[in-house]
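Residue numbering begins at 1 within each chain, and the chains themselves are lettered A, B, C and D in the order written.
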Amino acid sequence: MIAPDLSTNIGPLRLKNPVLLASGTCGYGEELKDLLDLNQLGGIIVKGISIRPRPGNPPPRLAETPCGLLNSIGLENIGIERFIREKLPWLQGLKTSVIVNIFGESTGEYAEMARRLDGVTGIQAIEVNISCPNVDGGIVSGTDPEAAAGVTRAVKRSTDLPVIVKLSPNVTDITKVAQEVASAGADAISLINTVLGMAIDVRSRRPCLARIFGGLSGPAIKPIALRMVWQVVRSVDIPVIGIGGISTYEDALEFLMAGAKAIEVGTATLVQPSSAENILAGIRTYMESNGLHRIGDLHLHI
Amino acid sequence: MIAPDLSTNIGPLRLKNPVLLASGTCGYGEELKDLLDLNQLGGIIVKGISIRPRPGNPPPRLAETPCGLLNSIGLENIGIERFIREKLPWLQGLKTSVIVNIFGESTGEYAEMARRLDGVTGIQAIEVNISCPNVDGGIVSGTDPEAAAGVTRAVKRSTDLPVIVKLSPNVTDITKVAQEVASAGADAISLINTVLGMAIDVRSRRPCLARIFGGLSGPAIKPIALRMVWQVVRSVDIPVIGIGGISTYEDALEFLMAGAKAIEVGTATLVQPSSAENILAGIRTYMESNGLHRIGDLHLHI
Amino acid sequence: MADVIGQVQICPDVFLLTLRADEIAEAASPGQFCMVEVRSHGDMDPLLRRPLSIHRVVGGGEIEFLYRVVGHGTYLLSQHCPGDRLYVLGPLGHGFQIVPGCPAILVGGGLGSAPLLFLAEELARDMVTVILGAPTKEELLCVEQFTAIGHQVLLATEDGSMGRHGLVTDVLSEVLSHGPDPRSCIFTCGPWPMMRAVYDMAHKRGLSCQVSLEARMACGIGLCLGCAVRRQDGQGYLHVCTEGPVFDAERVSWEPRQ
Amino acid sequence: MADVIGQVQICPDVFLLTLRADEIAEAASPGQFCMVEVRSHGDMDPLLRRPLSIHRVVGGGEIEFLYRVVGHGTYLLSQHCPGDRLYVLGPLGHGFQIVPGCPAILVGGGLGSAPLLFLAEELARDMVTVILGAPTKEELLCVEQFTAIGHQVLLATEDGSMGRHGLVTDVLSEVLSHGPDPRSCIFTCGPWPMMRAVYDMAHKRGLSCQVSLEARMACGIGLCLGCAVRRQDGQGYLHVCTEGPVFDAERVSWEPRQ
């Protein structure tokens, strides 16, 4: 038996395997160092950063729902300068791909961050979050195909790093946004970010989150995410990274079978820090026992 | 202690209490007669009917997902004439509100059905399904505000029955559709219908549903539904009926607190046929022990 | 609500669950099924109950289910112990139609013997041939129970470890080659390809054949219309929970499933 | 993975869970917590683990949690029996900072005594006053355990069924009215309004006060940034799981929560 080749190409970015940690659920990597061997994974996408530090939203920021998690963190982060100074050095020691997730309040801010990251050693790609539901105006650029394309173009112009654009699921037609982003030059698309939701605490008679709405993640959203990945894979020519509720290797296989070239593990890491390792091991075993040699062999052609 | 008044007005339609059975999950009522006392409930919304009988989609039509159910029934139904002849007589014997859910392939078909139901005894209202994800073209009128308004106007013109328009969640901005539908004269809005999703069986390496995509229902979608109900309640002046993942009385209270005037129980009835009764009992007890007199008292004003 | 009375592991993946459920036991007939809760109360996942055929009704209001652990739902079910209580809805659906006085041939593959034992017990006084098959001897189920009733029991295993080396359909073909009574009824339950082969043989010889079908179910009582199977006449679909699970095989489309 | 060694119901809603977890027992210090799995393996719901303070470390690598069943998660936890295994992540967070030689006043309301017992044991050789309160006598927890260590234990119940008729803060106010050692440290855990009142008293008298805070947590290890509480200095938020759960009360904003 030949050991399967788990490597996968996300446009110009080569990953040693298709299992990534999703932004906002793995901190800046170091928090996980005793709990998970990051070097085994395809890569890590660090917590979304912005130009200036952001304090985030007032608490409560979390609520649990059936098979799901609502969050309204509000992109709390230390800002791009402190990230480069304080967090990147540790990440540079990793033997896996480091992808930086960026969020801007304007096209200009996105471009500025891309420029700032360009040429910095230890960063293999940028993931552009145009879809955060938890900051004012955050979701707009993710739901308007034109605006999404504008951000994509600006970022592409400002960096030579591979650019992955991360889409919001809170749209009528995800394929339109995907096509615009692809035409605008994105190297890859990742999806989905969280689904806008809310919960009410009937004991206290108040919304569970201080900001009322939050982003839904976890197994509950997996069918929605998988449907959108399936649609986008069939409507653009660039690689697609699948995200949403992936907790087991079977979940990951669903996305790879739908045509995703890689997957990101989000909420599952919060629940069980070593989830990504188990998922990777499960994919490998499945490919071995089904005689599949390459990640692409998993893709269903229907 | 004064017993709480559970009655609620959905525009011109007065319900004895806010608990309804959702279309497509309670058959034509008779199937439940030994399992649930329909006369205790606020009303029943029968399986969606169309002008002509429809065979529905090929199997498999169902798949289970975490805390959710995917279905692609495809509106299998016996058509409006056989419904009136064969199913309505039994429903006429009920002492609860009977609401007929209609689906048309064109605005004309919707109007024709509304006309056909107008004046038929034993029907208290029409629920207009502009949002079925499981039939070709079904979702379009639900995601295009203009088209939704067109269907609403046509139905309103064709009947004197109260008209409830049921919205699809698969849109970027639910408030736009809601506002259009309200301006077009709808007496009430119900939401949400199912969320478009899919699942893949990794053993057989095939999509779980023959039609690949299906509608996601059940507890998994509750946070999405609640968020949309909250948004719509705050953007239109007509009554809103909340639907989506309601399984317990706490779930129902979340929707009533968000401002819904009534709720529909869907998938929960499939799982446990008497769910609606338990939910109703729970609402009553909660109101009693919190000294609330009317359904409207539950509404949070934030 | 039914009390769990027993949960016995029969072979590596197969369990026998006994529930106390007087009303179901009273009303049940062979081929009917129940929707059985698998999760613990208050849990939300897995959402749906699981359909299981009534394997037997035993003295004093008890019902038995014979089931294989194939996924999370049946795994959870196997974790329930005496003392637990489960929601069970049943008996549901249309079972086997017994034609009194006609010889019966029961053909079960693997877990397909689950509903057939109940039938065999009801047929106790008739002429009955039971044909059971499985991949290996270990997976042959209920052989003693069928034998105890006094019926003729013929066995087949794919590895030849017990009975005939081959498939149940090989045995059936031999049985039928002796020119069976034309009033014979075949009753079958098992994997789809097996039932299809059994139907083909019955159809060729003009024998009546009743099949117990499976389909994904959400409600089990006709509410969701999810449990559709194609009709042979092309006129839409049959619903396994209300019109079945046992059907005259002539009504069902045996086209390969997509 | 930790083995469940014991699960004892202490009073109607409160359970004492004992787990075998050598490494956690070895490393734990008072005030730290663990993220404890509540569901059964393979289940998806409830999704998250639950944060619970380490109540005690007992001989031979065992840890105890004292917890109240308040919702579905803690209910499920209470259903786990010896023989079960649970995923447990810990010890997590920053615990109480013991200042050797300084008198300590421990103030616990209701379940707030959970983390204080471990602290009391570590403080065994110091001057310690323990003040415990609850609505009723039945809900006063661990009184014997605190007494057994040899500390002075003062009690208050809201219905007067045991100790002083009133709140723990009434007792604290009396204790402090005697002009306490200015080096005294107050350690407190309990409902937010109680901790706030305790902080106010300490602040007025210039005494150091450490509070053990709660917040909704998803990860417990600094990944999600969900467990934020406002800083007193207005400069954003503290994170309960990594910077706490025990904080110098002067760092925390005591503005009423929205």
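Keep in mind that, in the parts below, contacts are C-beta pairs under 8 Å (C-beta built on N, C-alpha and C of every residue); 3 or more make two chains touch, one makes a residue touch a chain.
Not measured: the values here are computed from a predicted model.
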Computed over C-alpha atoms, the centroid farthest from that of subunit A is that of chain C
Whole-angstrom distance, CA centroid of subunit A to CA centroid of subunit B, is 34
Hey, how far is the Cα centre of subunit A from the one of subunit C, in Å? 46
The distance between the C-alpha centres of subunit C and subunit D, rounded to whole Å, is 55
Residues touching two or more other chains, restricted to subunit C: which are they? 44-45
Quick check: what residues of subunit B touch more than one other chain, meaning two or more? 66-68, 218-219
With chains as vertices joined when they touch, what's the shape: line, ring, star, complete or other? complete
Flag every residue of subunit A that touches subunit B in the complex, lowest number first. 65-68, 70, 143, 170-173, 195-200, 202, 205-207, 212-213, 216, 218-224, 226-227, 230, 245, 250, 253-254, 257-258, 286, 300, 302
In the complex, the residues of subunit B that touch subunit C are 24-27, 31-32, 35, 47, 55-56, 58-64, 66-69, 71, 73, 76, 210, 218-219, 247, 267, 269-273
Residue numbers on subunit D that touch subunit B, as the complex places them: 44-45
Complex interface listing, subunit D residues touching subunit C: 40, 42-45, 72, 75-76, 79
Looking at the complex, which residues from subunit D come into contact with subunit A? 44-49, 87, 89, 215-219, 221-230, 235-237, 242, 257-258
